[in-house]
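What follows is a single structure, and I will ask about it in a moment.
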Amino acid sequence: MRNFTRGFHYLRKLNAANVPAALLENGQKRVIDASLTLIRERAKLKAELLRALGGATACTTLLGVPLGHNSSFLQGPAFAPPRIREAIWCGSTNSSTEEGKELKDPRVLTDVGDVPVQELRDCGVDDDKLMDIISESVKLVMEQDLLRPLVLGGDHSISFPVVRAVSEKLGGPIDILHLDAHPDIYDAFEGNVYSHASSFARIMEGGYARRLLQVGLRSITREGREQGKRFGVEQYEMRTFSRDRPMLENLKLGEGVKGVYVSVDVDCLDPAFAPGVSHIEPGGLSFREVLNILHNLRGDIVAADVVEFNPQRDTVDGMTAMVAAKLVRELTAKISK
Amino acid sequence: MRNFTRGFHYLRKLNAANVPAALLENGQKRVIDASLTLIRERAKLKAELLRALGGATACTTLLGVPLGHNSSFLQGPAFAPPRIREAIWCGSTNSSTEEGKELKDPRVLTDVGDVPVQELRDCGVDDDKLMDIISESVKLVMEQDLLRPLVLGGDHSISFPVVRAVSEKLGGPIDILHLDAHPDIYDAFEGNVYSHASSFARIMEGGYARRLLQVGLRSITREGREQGKRFGVEQYEMRTFSRDRPMLENLKLGEGVKGVYVSVDVDCLDPAFAPGVSHIEPGGLSFREVLNILHNLRGDIVAADVVEFNPQRDTVDGMTAMVAAKLVRELTAKISK
Amino acid sequence: MRNFTRGFHYLRKLNAANVPAALLENGQKRVIDASLTLIRERAKLKAELLRALGGATACTTLLGVPLGHNSSFLQGPAFAPPRIREAIWCGSTNSSTEEGKELKDPRVLTDVGDVPVQELRDCGVDDDKLMDIISESVKLVMEQDLLRPLVLGGDHSISFPVVRAVSEKLGGPIDILHLDAHPDIYDAFEGNVYSHASSFARIMEGGYARRLLQVGLRSITREGREQGKRFGVEQYEMRTFSRDRPMLENLKLGEGVKGVYVSVDVDCLDPAFAPGVSHIEPGGLSFREVLNILHNLRGDIVAADVVEFNPQRDTVDGMTAMVAAKLVRELTAKISK
Amino acid sequence: MRNFTRGFHYLRKLNAANVPAALLENGQKRVIDASLTLIRERAKLKAELLRALGGATACTTLLGVPLGHNSSFLQGPAFAPPRIREAIWCGSTNSSTEEGKELKDPRVLTDVGDVPVQELRDCGVDDDKLMDIISESVKLVMEQDLLRPLVLGGDHSISFPVVRAVSEKLGGPIDILHLDAHPDIYDAFEGNVYSHASSFARIMEGGYARRLLQVGLRSITREGREQGKRFGVEQYEMRTFSRDRPMLENLKLGEGVKGVYVSVDVDCLDPAFAPGVSHIEPGGLSFREVLNILHNLRGDIVAADVVEFNPQRDTVDGMTAMVAAKLVRELTAKISK
Amino acid sequence: MRNFTRGFHYLRKLNAANVPAALLENGQKRVIDASLTLIRERAKLKAELLRALGGATACTTLLGVPLGHNSSFLQGPAFAPPRIREAIWCGSTNSSTEEGKELKDPRVLTDVGDVPVQELRDCGVDDDKLMDIISESVKLVMEQDLLRPLVLGGDHSISFPVVRAVSEKLGGPIDILHLDAHPDIYDAFEGNVYSHASSFARIMEGGYARRLLQVGLRSITREGREQGKRFGVEQYEMRTFSRDRPMLENLKLGEGVKGVYVSVDVDCLDPAFAPGVSHIEPGGLSFREVLNILHNLRGDIVAADVVEFNPQRDTVDGMTAMVAAKLVRELTAKISK
Amino acid sequence: MRNFTRGFHYLRKLNAANVPAALLENGQKRVIDASLTLIRERAKLKAELLRALGGATACTTLLGVPLGHNSSFLQGPAFAPPRIREAIWCGSTNSSTEEGKELKDPRVLTDVGDVPVQELRDCGVDDDKLMDIISESVKLVMEQDLLRPLVLGGDHSISFPVVRAVSEKLGGPIDILHLDAHPDIYDAFEGNVYSHASSFARIMEGGYARRLLQVGLRSITREGREQGKRFGVEQYEMRTFSRDRPMLENLKLGEGVKGVYVSVDVDCLDPAFAPGVSHIEPGGLSFREVLNILHNLRGDIVAADVVEFNPQRDTVDGMTAMVAAKLVRELTAKISK
């Protein structure tokens, strides 16, 4: 099933001649409300448990966003969240992080499930509303003050509504560490302002980030470099990685702003390490190089995402799912306190 | 990721010493209510659209139940519903059924999304409650009188709560055509009364079915045959299929009862035709043999399920997903009016 | 490399402002002439050898047409001809056909290579010209009167120029046995009159065939059936195959016309037997059912094609390549004398 | 590791100038003695257990012969025995045969392990001696009068030493039912008289069989048919299977001779049902067709083999291993009493 | 066949009510004796050849231990030894090591075959006895004083009986270089003291090693670190590898003890380099990093093992088999003299 | 289809008793002439377009040479050229090189198609003539003075005729940077002087190169090192890569000679980065290490090749095709001006 083009549900034109607009609008509104209520209730339950257990000040909270239709090439990332969760808990590895945090402790890692992206689209909800629903879902998690969202994509288009929500909820810009083969900062891709290639243009325009560091770049056009300059992005290309490495393994972010956000596009890794991505771009980071950057990062990480894992391109035994899961695990170690 | 053993979410023991039982119970109740509200609203919206469009008297309505943990061997069927939907709409085949029904007409095929099985389990909901939620979800679909549920499994354990709901909603027993390599009628499997190997024992005990025809059997123990006799099941084994074929290609069911239910376990097919199943049992039906039985079946099909497709065992290009999708398409042609 | 969308060469717009039209036209003409000369010389050499060896009256002659861009879904069939040749000679099977003809005898099977489709497209040659070049290439083979073309596709769009050439060269219509899951008789597909879904509409409009029998159909829309009626096509659907089988295993064609043409779309087979196709459509023929039809066909087969094998969807060990090769082998047994 | 050409051990020329011939010969003799002792002791232990348990008169006894170097094409069948055993006991299917025999009962199915073929070759043992060791091993099993050998190949060359041993041990010829795509009756293949393509020539020359029925043939040369006639073989080709079927599903063998031997080459099946074979030959039997022949076979089956399963060509999830295992299971049902 | 859970043979409870204990015990004893005799004879023959050829003082001797049931997750390593041997001799690479030793010289590399682990288990031999048989087999190799064992696993549980035998045979402790993602030093895993996660606890308790260096660690729990401290293990984690690297590429071991043992768990490598392992743990060593450590290691290597290669998770073309084979080749270069 | 042994066409002995030698010779001559004419015309057309567009002084020109039969092991590289072209233009990556050159500009990258290697062999053309035709084809490209050939292999045997042509056309020796796991400098391999293991022996003997630097070596025999010394080759082995790296990332070549040639055997990369090769040799370069060497190379690159990519061993999603394509893209950036 490699040529997935329309989402899991077939998006029929629902506003046919004999369907009153109000009927559709009201129905959608009720479905959206119910969707958000479900996320709110899951977040509340998890936070109540956490308070009852006591002792935590920040708990990493998984929120899945199974959205793939803003990719320019393949839409498989829509299938990623359940596969990443399965890999986290699959039992082939123990439940400690590399530096010794215990993931089975519900004060370290909890989960509020998925935004029902495909069902919403099947009910005719458009991308403007969908982006708002994603933002709202992130805010519902943060509403519970011990919970910090770690979002499982989905394609990279989701980083825009997530970062927007984080910044709005915290009341100011944040610093972003963005690991990726591509800058994702194009004004629009084939006319789609919500394209996964444009999310960081939307973030910078919105003023949601102060510093944006991009690491792992190796597929960037002239426009990508110009947009980078225009928005004051710090772009680190793989061509000069051996030179930049000591600095990147010693980052300190988030001073004077509301916190640090980490966005990991799985294709920052060389395809040898992460074959399960839509855009195979040789010459990337090794898994250890990514971990060295993350382990040594100093700053208060308030939220994060792991995106663009495409299970439809993974190896039979799910090597990339394990890679995405370990990224989630080690990010959890940085976030939870 | 072939060794999935715990579900997508890690089911932590939530009822720790310092967590008040009421806290957990209340929270679960709110999450369950919100889950059912979401399904009710989706079903209502789809039915409203259908009524506005007019002209249909029965519309096939997909309901996904991504549940895999009642399998004795592999749990991959929990990943099936999005893959089947993708295959239905993937564009490599046209949107007509073999006998000419147009699937893109929303009066023929609609969708109310998935029961959030994994999220409910992650909130500590046990199997007793989960089975009730599945039954309740089916009833919410049938509440809208034009909608007839076609349930996408999931493992075969889901047929019990689905059939129970259909029978209770219609107010009496139904006839069941059950295509499968196994009878799934054991009293319990390794102590689990909800096992995918026991669902039809539960159905027969509950009095939800009058006639139960099992076709495609080729892995059956002495207990399986004895339970069959005990419940008056009509068991057709592959050993005698060439003899039974003319009769099976000319079935008439549902007379004197509330309707006909069709349950298709994808492993009724020979693994040559459907490799993506948990239990590879050579010597099964060809795809055309299954279609011949379904096309020629006479009776009012009130609901159906397609279960036990395991995407983690499918070919790279998703041949079994296409097979499951075509089963859904041709069942839709039988159900919708 | 499953998402091949532009052909092997990137078709640049060559007619830029500062490129004189005559320059391009002249250059293309020289490239086309050289391409045809190469095919003519290969055919001549093979025919000379054949005459020197003596004893044959009709020799099957492979001609590859690696064209995939007229497919609506995947373009992998462009890679098929070398894979089929490799499978014919791979050494895992002996060189006799089922009824005892020896393929290593150059009087039974010869080869004139491929039409350089991709290089021609890279030089800016459009589809109108390309179809003419394919027709011309077939005629160059038939120019050598001992040689009978067996064309290796490519997608099904190539059957139109091939049949046109055969009919024009022989001076009248022929009968066609067409094995396929789809009728390929739509007026045009997404505006493309050369679409692989429209080749038989072009053939019938051109008067190149008298009888057209379509066998294996199981994905056909209302338009497909109406076009069938309009052109007097004999359409045999899989739904009724068990009824039609005795007649189809006893065909006599070609009486009163210039000969018989056999067009085998590999997807006439069930995907269990031939997974390496672009359009997986369960419920097809078994390999033995296809052979039974071919072995028992009576008539003078003047040319044939085997199309729509997609190596990018084949199993690792090339099962479908072996299937396509055996179809070529058994067709050779029918053609060569 | 698909290009295995020398066996698991590298067969060095051990008889170098400065190695006395007697040294090598004595060493080999000691290794051969120890190998046979090990098989004798395993057979004795299993027979003692069987007698202690009581109640059986014939117990199917697995003996693996991991030999692949007499194949003309690929040598993967040398890896088959452990894979077939794993599939028999893998737990994805229950332990009853289709007609209800319980495989977990040690009086139904037992195992004496493998002949250490590769280690013997690595010690310089040549094919003449190796064939004798295989025959001797079979006799050591039959020495225990309750045990009947079911040999797991290995390539088809092993049927010669196995049948020879069975016939010699029983003291006269037997009838053989041989299911295969190929007749394996060539005088020699590329000079190798022990080739897997020649085993039945050796058997017939030795007078070990009275009737030899070959079923499933679809790759046979003129020499194959001539050798068939010469030895009085009853050859049933797939070309006429629909005609021969009623007779083949009603065979009675072994009257007036010492018993019946069944040799199943997995490639008798169409590659759709058994892709894991070295020689993909489309147009074969379905799994159910094979079972129908075996289930209805009347006669006293004294020994059998299942050969030519090549795990290096199997699907990722081992579909062909399951097929080979089910053949073993159903043959066990026929042999054990 | 990815869900192998019981070994190749089905371990039946052999000590049924009516089977006298002495019968079973005597039979097992005879089978064990014959198994050890076979290994002794192979070792003797190889040593005799070696002495006849002359000129060697230490010859690497492969001994396979196909044992997988002490793994906590998958049991595929039981299939590894024949695959590694095949890869060593497969002909896709030349027979020199990187520093120029010729592997085809039987004075450099020889082979005594496999311990028949699965057959022994099928005869009811328990793990206590099995561990003794493995130790005894290693000693039988070392009995021939030119032969030094290089053991092919199997899972990591085999290192305990192997190291025990080496130390006991040499008469004192040795130094161990242990390359692995995991410390394998837990007291017991799920109650199994012979677990592959506990072998180094058993080794240290037994006093068989003086220094134990663990390199490549990246999945270690608190207990793993505490056990490390308790036994004085030198644990080098991947987190600090860039710092430790110069030291690890310049090791000198074995001074004042009986020699050096190298134990290579294939999962010390990053899964990008060795996907065919049971426990995918991203962030490991590159193949060149492992070779740099081995090439520069100074010390008298008296024995070694290569374990945990799982062919059931390897790529289609056996990349990890080639990796395991090259580890064996380069270790051979270090051992043979 | 992994065991391809005879080329795509079956090379029949064409010079049978009754075929006059002159007939064959004349026919071959006409086919060869037509083949070269076709390449000449394609090169002329592309050069004319280039001149019309203006502004370029050197344009990289792809020329495919689909030749695999001089490999000692597998012949899959014969299938590589169309796969590499597809990967270059597949749309999953943008069309800029890492340093910003635009590949869609026809002044940067153009294509003259393939030498029809298989068709020539099928017409009986022997290797002596074939090598001349390859050389002649390269010269036909260079005849157009703006065009610089970048040859797509095929196996490594093609580098000899290509380098010979480049040197002869330029009128003197060149410097060669050769990235490879193997030195390919053996006198002959199994008697074949055109073997892919001998191409650089032929080049050095012919005096076509002044300096030859070999980088990435890790499978080299004594003869390989001796031949290296004999011809004055600068051999850099992976064993010492960490030491040699700074020098290799700062190369300056081509001074005092006619230019620089770069020959990239894809197996210079570690198989983790490039699994799709015939000879898996662990311990190679990372993709970034190769790019660092190429990006920093100073010198006038007059031609290049990318060879030994074997699509029959690639991952399902064509990772190695993407790797080969990126090598072509980045080499294009170095060549075009």
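We call the chains A, B, C, D, E and F, going by the order they appear; numbering starts again at 1 in every chain.
We adopt the following convention: a residue touches a chain if its C-beta (ideal position, glycine included) is under 8 Å from a C-beta of that chain, and two chains touch if they have at least 3 such contacts.
Quantities reported herein were computed from a predicted structural model and do not represent experimental measurements.
For the pair chain E and chain F, the fraction of shared interface numbers is less than half, so the two copies use mostly different residues to meet.
Farthest chain from chain E, judged by C-alpha centroids: C.
When the contact pairs of A-B are set against those of E-F, C-F or A-F, over half line up by residue number only for C-F.
Superposing the C-alpha atoms of chain D onto those of chain F requires a rotation of 180 degrees, given to the nearest 5.
Remark: chain B and chain E have CA centroids separated by 48 Å (rounded to whole angstrom). Here the spacing of chain A and chain E, counted between their Cα centres, is 42 Å.
With touch defined as above, residues shared between interfaces to two or more other chains in chain F number as follows: 2-3, 73-74, 91-92, 270, 272, 286, 315-318, 322. By the touch rule above, chain D contacts chain C in their complex via residues 73-74, 218-222, 225, 237-239, 241-242, 270-272, 275, 278-284, 286, 313, 315. Against chain F, in their complex, chain E makes its touches with residues 91-96, 98-100, 270, 272-273, 286-288, 291-292, 295, 315, 317-319, 322-323, 326.
By the touch criterion stated above, chain D contacts chain E in their complex at residues 1-10, 12, 14, 16, 18-20, 23-24, 27-28, 30-31, 33-35, 37-38, 40-42, 44-45, 48-49, 52-54, 66, 78-79, 81-83, 85-92, 104, 106, 111-114, 116, 118-119, 122-123, 314, 316-318, 321-322.
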